[in-house]
Structures are given as C-alpha cells and as structure tokens.
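Every chain is named by a letter (A, B and C) in the order it is written, and numbering of its residues begins at 1.
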C-alpha cells in the first residue's frame, strides 16, 4: 500500500473517530433543541423522538414574550459587556505589575490572590451580602458589575501574568530607554501584543457574568433590574416544570455567548494555551 | 512556577537598582491599586467574617444573640457521618472526573492535532459544552437521565444500542446518580482540556518526531518518550486547576439530585449550603467551608510542590 | 531587611484596615425593634380565650410610605397578574399614602434570598410564607408577633378557618395570618378506569388495592398511583387516613406515634403496594412526574392541589381532571393542609402600613379575586358565597379541608421532614424493615424535639 493511500486511510479513520465523538458530545444539545420544539405532552413520550412529531415554536414565543424577558436580556447584556471591559482593564494592570516588577509584598499578594481561588464561594455569600449592603451595592446593575469584576480578578490575573511573562521584553525596554513611561509601554506595546490572552479573559468574563444566577437573584429586588438567568429559573415552576419552555429560554440565552465565542475563537484558543503552557 | 519567573525577571528589566541606596518605585503599586483594592475588599473581609461566623451558633438577624461556640463547629464535623460521606463523595467525584476529562481531552487533542479535515469544526463542537452554563446543562442532564424508559439515555442504551438488558433508574439511586453527575462533569470539561493540550502539542518541534521516526521509533514510543514528557508542565497546570474545580463541584449535584436520595450524593459544597440555608445552621456551614478550603489548599500545594520540575530537551 | 519590614507594614496595614472596616460595621445596620421576651409556655396547643378587644382604627401614616412584599408566585402566572395588575392598584387607590412593591422570588431560592437579606438588614416588610416556615422564622426572631403588634388581631383571627390559622401559632403567639390554603385531593383517571372496566373511583384504601390488578392489566408501564417521593407532603395523607400520626399533640415526642401500629400499617401498605407494582417507582425519585403521567394515561390516580387545573389548561388541554376525596382508611379520609401565611418581619420599618396591607389581603374582595386564579380562600364567611357554590372544582377541596390536618408546626420541621423522607426511602428500598426504620426515625425526632 502506497504511503498516500495509507495516509488517506489514516485521515479517514481520524475523521470518523472524531466525528463519532463529536456526535456524542453534541447529542445532549441536539436533544435539547428537539425538546424545545415540543409541547409538554410530548416531553416524556415513549419512544423519545429527536424529530418532534408535532413541532411548535410556541415555547420560544412564550419565552420571549414572558414578562420582561427582553428587558432581562438587555440587563444581562449590559452587565456582561461592562464587566468584561472593566475586568480586562483591572486584571491586566495587576498582572502587569506582577509580571514586570519586583516590589515588597509581591509574593504575599500573589499567593493571597491564588489562595482565594481555592475557597468555595458559596459560604461567603452572606458576609459578601452584608458588605455589599453597607457599600450600597445592592439592587443595582452597577453593584453586579463591581462584584463580578472583583470575583474574576484572581483567575484572570493568574492567566494574564503567565502570558505577559512570556512576551519578550526588548520592545518595552527599548521604549523605556527612549524616554517612554510605563503607561505608554503598557497600553501601546504590551496590550496590543496580548490580544490572544485578552480575548481569553474576555470570553471567560462575559460567560461568567452572563450566566451568573445566585448573586443576581439574591441582591436584585426590582423586576426591571433582573438578569436573564432569573427569567429562565422562573420557567422551572414550583408545581410542574415546563421542560420545553425551560430549554427554549436556555437556548435563547446561549445565543449571545455563542456569538462572542465564535467571534473571538481565533484569538482565544491561542491565548488560553499560552498562559498555560509555561504554567 | 514562581521560581523560574523571578529569576528571569531579576536578570532583565527590573526597576529596582541594586546598590546602597534602594529606591522603591511607586509604579507597580499604581498598577496594582485599582484591581487589588477591588479584589481585596471583596474577598478578604468576607473571608474573615466567614471565619468569625464559624465560631458562633450564628443568628443571621443583626442585633440578635449568637452564642459563642469556639471550635465546636469544627470538631462537630469530625463526628458527623454525613460530613465524611460528603468528603468521600467529593474525592471520588474529583478523581474520576479529572482523570476522565484529562484522558479524553488529551486523546481528542492528539487526534485533532493530526487530522487535516474539519479541525475548526471539531474544535468548536468539542468546546461547546464548556461555554454553556452549569445551570442549563445540569437541568438538561437531569432530563436526559430520567429514570423512566422515556429518558433519552435509557432509550438509547436499551432500545437502540441494546447495550443494557433493562432500564436503569438513574436518578433514583445514589450509585447510578453518580454516573449521571460524573458524565456531566467529564462531558463539560473535555473541550477545555482539549484546547489546552492542543496548543501544548503545537509547541513541540516536528524535527523531534522526524528524528525519532528515522531512528525507527513506533507511534507509541513517540507518544511516551517525546510527546508526554514535553507537555508535562501543561499536564501539571491542568491537573492543579481541575482538582481545585473538582472539589468545588456544586451546582450539578444540587440541581440533579439535591444531595439525595437520603443524602448519599452530597458533596462538601452541597452539604455546606444545606447546613446554612436549609437548616439555618450558618456557623456549621461556615466551618465546613473553611475545612474544605484547607483541604483544597493542602492538596494543591502538595501537587505543585511534588510535580513541578523543569524539563530540558 | 527593609524588604521584610515593608511586607510586614503592608500586611498589618491591610489587617488593620479590615479591622476598622468590620468595626465600623454595626453603625450601618438598622437597629431592629426590640423583641419582647417570650415566656416559654408549656402548652403549644392553641387555647381559645374570649377577650374583649377594643378595635381602634389605625390612622394611615401621613407621609407616603413604600412597603415591600415578597411572594413565590411565578412571575408569569395568573396569580401574579391578579396581584400586580388588579389587587395592588386597588389597595393603593384606597390608601393613597402607601405604595406596595411586590417581588416574585422562585420558591427554591426563597429561603436563601430571605435569610441573606435579613442578615444584610434589608429584609422586606411582608412575605407570603409557606406555612411550614413560620415557626422556624418565629423562633429565629425574624417575625413580629402579630397578636401583639396588631390591635384588631382578634377580629381577623375570628374570620379565618381554624386549621390554616393554627399554622401561625408558635410558643404562645401568633406570628401571622393565613393568606391562602390548599390541600391534596385524589385525582382519578376516568379514561383509564373505563378501559379497565371499573365504573367508580375508589372510596376506601381497600378499593385502591383491589383495583390494582385491573389497572395493571392495561399495560406494563401503567400504575395505580404515583407520587414524587416519600416526603411528608406525600405520605401524610396515607399515615393519617390509616389513623397514625407523627407526634403527640403537644409535640414532645414521636415514639408511640411515628412508630405506632397505625403508622406502621400505613407504611406496610405502601411497601406492599410498591412491591406489587401498583405504586410507580417515581416515588424513589426521578421518572415521569405524577401530573404528566396522568395526562399520558400512565397513572390511574394521584394526589395534588388545585393548581393542577390551571396547569392542565396550559400544558395538557386535551386531558380532563376528575377529583374525589382521599380514599378512606381506618382513620377516615384525611389529607394534608398546605398554603401560605402572610407574615410581618420584625425588621420592618413600616409596620403600620404593612398591617394595612395585611387587612386588605384578608378582605372578601381580595380573597375572592385570588380565588379566581386558583388560590383557595381562608375566610369562613365565603364558604356560603355564590362563587364557591357555583365553582367548577373548589367544592371538593373545601370538603377535604374539613378534615385535613396541618404538618407539625415546629421550628425543627425541616429536619423532621428529612428524617421522615429518609425513613420512607429506606423502607421502599427494603434497606430496613418498616418497624425498624420507623423506630429509628422516631428516636431521631425525639432527640430533635428534646434539644429545642
């Protein structure tokens, strides 16, 4: 068998195996889409069908038209976008300090940062609420933005620091010698070179803020200020779960995340790995 | 991780001038200030307050008496059989899902690295579970693993693929519930692992493989002797991150089984949450969170210490 | 050396600023009203005492006041529609100085949000609380004792059903008033019964058992009865109808009751029922839920509340619900009382205005309007109203409510429910014998009650 044919065969096999794996991975999503197109009677029909016998868009219509769904969607969008921008700014400045400078307290601060990654956030919810209450951060989208930004700092700094340290310093040093200050170096040289890592932070932050449920539910008391995950939770009724509605709502909620992911995908994959490879 | 960095940054481009007069510049602090201020005020105070709560039989209503109990909440955990069960469950969940994610993620990465057709498509599909919210996929898996014959998993395994003789009541029993919960954990993480390993693989120079091929090394040998040792730092990083994540598993368990039946699928975080918000025992919940944090810290530290080693090639 | 000093300075600076921050804290917390010391009264059974009460009309507060009211109605629901679009505007028109802000909080997260908000000093003024939470919240000190704070409490107390009223009583005081009530009735699947050749729905528990064979003949996946678990809400109708109970009337112990012969008989019946394939395995968790299974003609009977009617209209418009009383056992036909109470939080800064709203919710107008959305009323006077006499399905619920009992009104109820749930699970899974499981559960509950 010639090399060409062997290669072709090998490639075909690879595609087949990967394809089957991809199908297995995508299966839950496919079924979710299928169920969102069914009326409640069919949700537990036997045998379960991938292609609904009586497909309907009612669930999507109901979900979108339900009280203020559009408003919740916009609130989530606003919060997620602003959080992302703020997070990019704050964690990159902190990571820059750790990556390029030596200063007293560096180790202590860095280890504190890392250590908080290991503390489960659940039990902190009450002390954080008390703190937020005193700082007047309750019941506001601004409060959500600040809290989400604060919560992501540790991991994103960790990620960005690793990336920054890998970048060659020559450009920065040259700029400093030429009389530039650190601010210009940071904004004009370092950040533009870091788009992969920044895209990574962007998508993680967007995703985190978009999906966050517990804190938003606990601190927001005004229906008009609510975010999307709460709307979806409302479909999961006390007495009977309307599965079709829940999945339809969830699918609507996935769309923006997918858009952001697809747009940033190129950058993002490069970025995540660069921060990780060096560790 | 840190040792290599400080050494290299010490050699080039620091602002500190060595010598008799040490001038410490304010610049790093200025860069640190906004982010660290936000971070510290948000995490350090609550951490300290949570520790304070753990020392009391805490009443959440301000102004009402909370009796001081000292370390009683901590010693209580050691006598609590459900605490030990939750700990065991957490460890089991972590070991299985971390191993599963890493193995599958690495395998897929190796395959995607070699394939020439449809790379982007494969990458996207495998990464899809990663970008969906835990709440949504937990509800989804609860629906898929429904105990009745109408549950998709039951239907596929029994009626379509004929892999099982009879329907399984997945979420009615603890053992089978774990299958559902752990499949979710692994399914959700494969893409994340794949993406990280992919880039690491792409960092290996192809010459090494060519030389090895010339020397007559087989595919397996190339994998074991070249690939794996060279991506070792990545493997360690992934391992540490996944273990931390595994210990903090909560939403999937909470939404799929609620810790039941009979609290047999409780993990440390779900147990802690229930102590606080279901039984109003906040002091105990806070103590449990500190015990968990100590555990995670200890394990991560040990991992990093023993597994970190520089690789030369 | 200098470097070490810097580090120490930094860390101590951080710590001291934190200490200062936490020390500053108490000033910002609003001081709650002082709770009068409640004297521990031995008897927990409400004692009816006739009193002369002078009812003084409370004047509405002069400046505009906003009160907050949290409830667990689904945001998108007829109940919430009625509340926000009709009832609250009606109240605000009658009380121009009071504005009511209502908030829909999902039931599963209600406790967490409430407790966290209380801890932060920003609790709402009023909540529509599940009846089983009231003793717990009262014990915590979260609720205002309404019988002390509200001058005309006795008037309202006299107007409501005694059963739902009793859910507000704890440790010598009433901490709220009932808002709506419900119970579980027996829905029977007429179509399945006709197919099985049985003309009449079951009247006694023996009937149910006897009808099993005919129903099972319809198909392997058919079941005579289904429920979602072995929690108290599910098993209490059975326990009580067999003549058993959980604790003694004074709520001091469970031994002799939870493991007494009648309760044991109830669980033994359920175990046989399950082993014979008459009881759906959904009782172990997961599976097709009772409501959906009934609509799909998998389940011949199930217990549930009045909310199923609107739910069926929305989700299963083709299927009809038929309701009868809980089949009678040796103890009669006794179902379980559910419902919600309206309670006033101790932290509230606007108690006068809030109590005005409470009075409004107990007015016939409010109760009748909410009844249109599936919320059964609590005012005795409305039993004779035309609305009830002509209502398509409330009649059976009111009938069942005549004998229905409430779950144990005790702060430890959440833990008790868990113990009962686990015992039932152990029994059905045959991990423990009925007597052993109930003996152990009774002992656990004894210890729980003793430690309170």
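The criterion applied here is as follows: a contact is a pair of C-beta atoms (placed from the backbone, for glycine too) under 8 Å apart; a residue touches a chain by one contact, two chains touch by 3 or more.
Computed from a predicted model, the values in this text were never measured in an experiment.
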Hop count on the shortest chain-contact route linking chain B and chain C comes to 1
Looking at Cα centroids only, farthest away from chain A lies chain C
Between the Cα centroids of chain A and chain C the separation in whole angstrom comes to 38
Chain A and chain B have mean C-alpha positions lying a whole-number Å distance apart equal to 16
Contacts with two or more other chains occur in chain A at residues 44-46, 104, 109, 126, 130, 233, 236
Where chain C touches two or more other chains at once, the residues are 2, 6, 112, 115-116, 119, 121, 221, 288
In chain B, the residues touching two or more other chains are 24, 40-41, 44-45, 49, 60, 146, 148-151, 276
Chain B partner, complex, touching residues on chain C are 2, 6, 14, 18, 21-22, 29, 31-32, 35, 111-112, 115-116, 118-119, 121, 136, 140-142, 221, 281-282, 284-288, 346-347, 414-415, 421-422, 425-426
Within the complex, chain A is touched by chain C residues 2-3, 6-7, 10-11, 25, 28, 68, 72, 74-76, 101, 103-109, 112-113, 115-117, 119-122, 124, 221, 288-289, 291-293, 295-296, 304-305, 307-308, 311, 315-316, 318
So, in the complex, the side of chain B touching chain C is made of residues 22, 24, 40-41, 44-45, 48-49, 59-64, 142, 145-151, 169-173, 257, 260-263, 276-280
The residues of chain A that touch chain B in their complex are 10-11, 14-15, 17-18, 21-22, 25-26, 28-29, 31-32, 35, 44-48, 89-91, 93-94, 96-97, 99-104, 106-107, 109-110, 112-113, 115-120, 122-124, 126-128, 130-131, 146-147, 149-151, 153-154, 157, 165, 169, 172-173, 182, 186, 203, 207, 210-211, 213, 229, 232-233, 236, 243, 246-247, 250, 253-254, 257-258, 261-262, 265, 269-270, 272-274, 276-279
Chain C partner, complex, touching residues on chain A are 39-41, 43-46, 66-68, 104-105, 108-109, 125-126, 129-130, 132-134, 138, 214, 217-218, 221-223, 230-231, 233-234, 236-242
